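The next block holds one structure in the form of structure tokens; read it before the comments.
Note that the chains take the letters A, B, C and D in the order they are written out, and that residue 1 is the start of every chain.
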């Protein structure tokens, strides 16, 4: 069906050993459904998780720098060497300058890595789409982490984001995020024209993470 | 003919008493030519300069905040009360996050203030245009302050920026900046499809600022 | 008695015409009490307010830049030319990098302007004191804007900040902020060893601002 | 003798496979000399390198966040789980806000991890020392990457930093960085009262990295 990207954030449950556990759960569920499931993990966990699973692994962020004197920074080349599929860019918790988003998206494209640019409303979705990323993921900040799905609370944001994005760049794919936790929300997102969802706490912090992910993709 | 916006930056020659002097020079020259001349001044100088000249006065920056607990910040409402015409947004020396650019452009529009969003290349010009500002001003960072005019050194950047901007938003007006100092550069910019220029050191730091501005607009 | 610095922030009631009104109230009250009353206003309002009152006027922030290509920035030299007494530095709503705090404090000292470095706990108060500012103002962030006075809720923070500051730099003066609204809180702060208070909403957003300030300094 | 921390930065030669190679070189040299040799690597490389070497491995940066909704961030707990010894903090290429430096240093201390706070001059060294980190590493920014050793070009910066640091906090250890490439520079640093050096390009980008490190610690 659609695209599901699980953002592990800096959750305790999404880092270290528990990140690896969840990555394996996602890998297992991905093998039993028709959806494309990928994960976005911390830079500390990325290299190891890539080795342990067959699903695509994304970085949560890369810096807008080339190789050089940039202590504490990582770049697109580095995540490629580690086997990442691509990176989230400009997540609402890691907002970037426009020029840096463009730098990163261009660099990811050059390296044949996948870019997922997060945006917060229709206008920024249109703007991000003009940079020709692979995906834009619209997440109204006021809904992130609430469990109130954007696909229900603000369906027009999803619909209008899809329209605005395609209008600027017909090839960009649109995800929607913020508040997505269950199959119904996911299906609603697809019905609104999104190609899938970007989600986090609904899966990462679920008591039974395997059950939560199975439910999301309709295996329960 | 075209649009000339003079950015006073934080130059010694562009602040305090010397800012007021230059504002009056610009005001005088504006009255003697067919060009639209406006100035962008520091927040400290804005209120006084607005009172002393009849040309439009822009802020160089406003913060993406509403009224509230934001020590050290100024917003669009405040510059409107002082009589500003609008604001530069996202200058290369004051790069902003995409979500903040959108916030500021929307707020300026609501308040009937003019937005001039600065960009660094064709892709970011397209992205900024999607936010529906009044102007985008493309300035390749490598040329800023060099005296090498973008309209000559990289004419394709100007042409392609105009195309990309209009393609995304037919109503946006395109300025070009970086390295513009003389009438010839200005005319070249207009010939490439720009509606005008954003410039700084070529006028602000000129030995004879009145002569420099007169030359720019073809009065000499 | 002590020092009272009123931070106008970016409050609607603290900018534009209402800022000037409040500045005049503070000026009037200052003439009728033994306390040192100063105000910290937005960069847009600073120049005009300095001309209209005789009390000391501070900037809320200056950038760590010299004169030059720094669009949208203001520096210490500029506020001096406008007649400011000094500047707040590193307010909790405008946190700065350590190297920039040092740059700004040194520059203010060179220009014989007064620096008030805001800090959030005992350790950062000690650190800031090592930079030899005129004042450190400790404000536990969790109390800012609450009306719960630090001098009562966390008296040990004030006492220990005074000790830590004097230990590192015997000449530094310590203010305390966060939640201060009335005379009793102010006196409590002085009793704990502070030289005064930095406050904002309690005065700026009070229904009767003159009455609130008179009450603060014990005139009511 | 002293302490040698090698900062791999985001150099091409300091990341991925070449980082692992260099880590093993450092591990080997450490076993053959009396100096304490440690390395600071990118977050992407950290977990793997920790497993492959017995010398201490530092992160180059951790964010001032706890576990939670902080996409693209890593914290002190995470690097501890990966086996890091500690972290550089506030490197000149990753300058932090004072409150964040304090947050990170305190968190590292709680977790029994080692903190190395970088500073740029005598005043910021004193300030950082007040936060009670394990080390402060003073690096005049104008010398970083130049090959001009601070221990020779500005010996008084090193001496005065040691004095200022010990004055504020007798237990803090002082490193010096910037321009250190050879044994002579290293010895000069120790003679000036530093406990060791923080260095980068002189080793990481050397043609023969093993030879360069051996020379540094006097094995050649």
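Here, a residue touches a chain if its C-beta (ideal position, glycine included) is under 8 Å from a C-beta of that chain, and two chains touch if they have at least 3 such contacts.
What you see is a predicted model, and the numbers here were worked out from it, not measured in a lab.
Here the CA centre of chain A is 43 Å from the CA centre of chain C. Centres computed as Cα averages put chain A at a distance of 36 Å from chain B.
Chain D has its Cα centroid 34 Å from the Cα centroid of chain A. Residue positions 92 of chain D each touch two or more of the other chains. Viewed as a contact network, the protein chains form a single closed ring in which every chain touches exactly two others. All chain pairs that touch, listed by label, are A-B, A-D, B-C, C-D. Per the touch definition, chain D reaches chain C in the complex via residues 90, 92, 95-102, 106, 119-121, 123-124, 126-132, 164, 168.
Remark: chain C residues 7, 9-12, 15-17, 40, 42-48, 60-61, 63, 65, 67-75, 77-79, 81-82, 88, 91-94, 144-145, 200-201 touch chain B in the complex.
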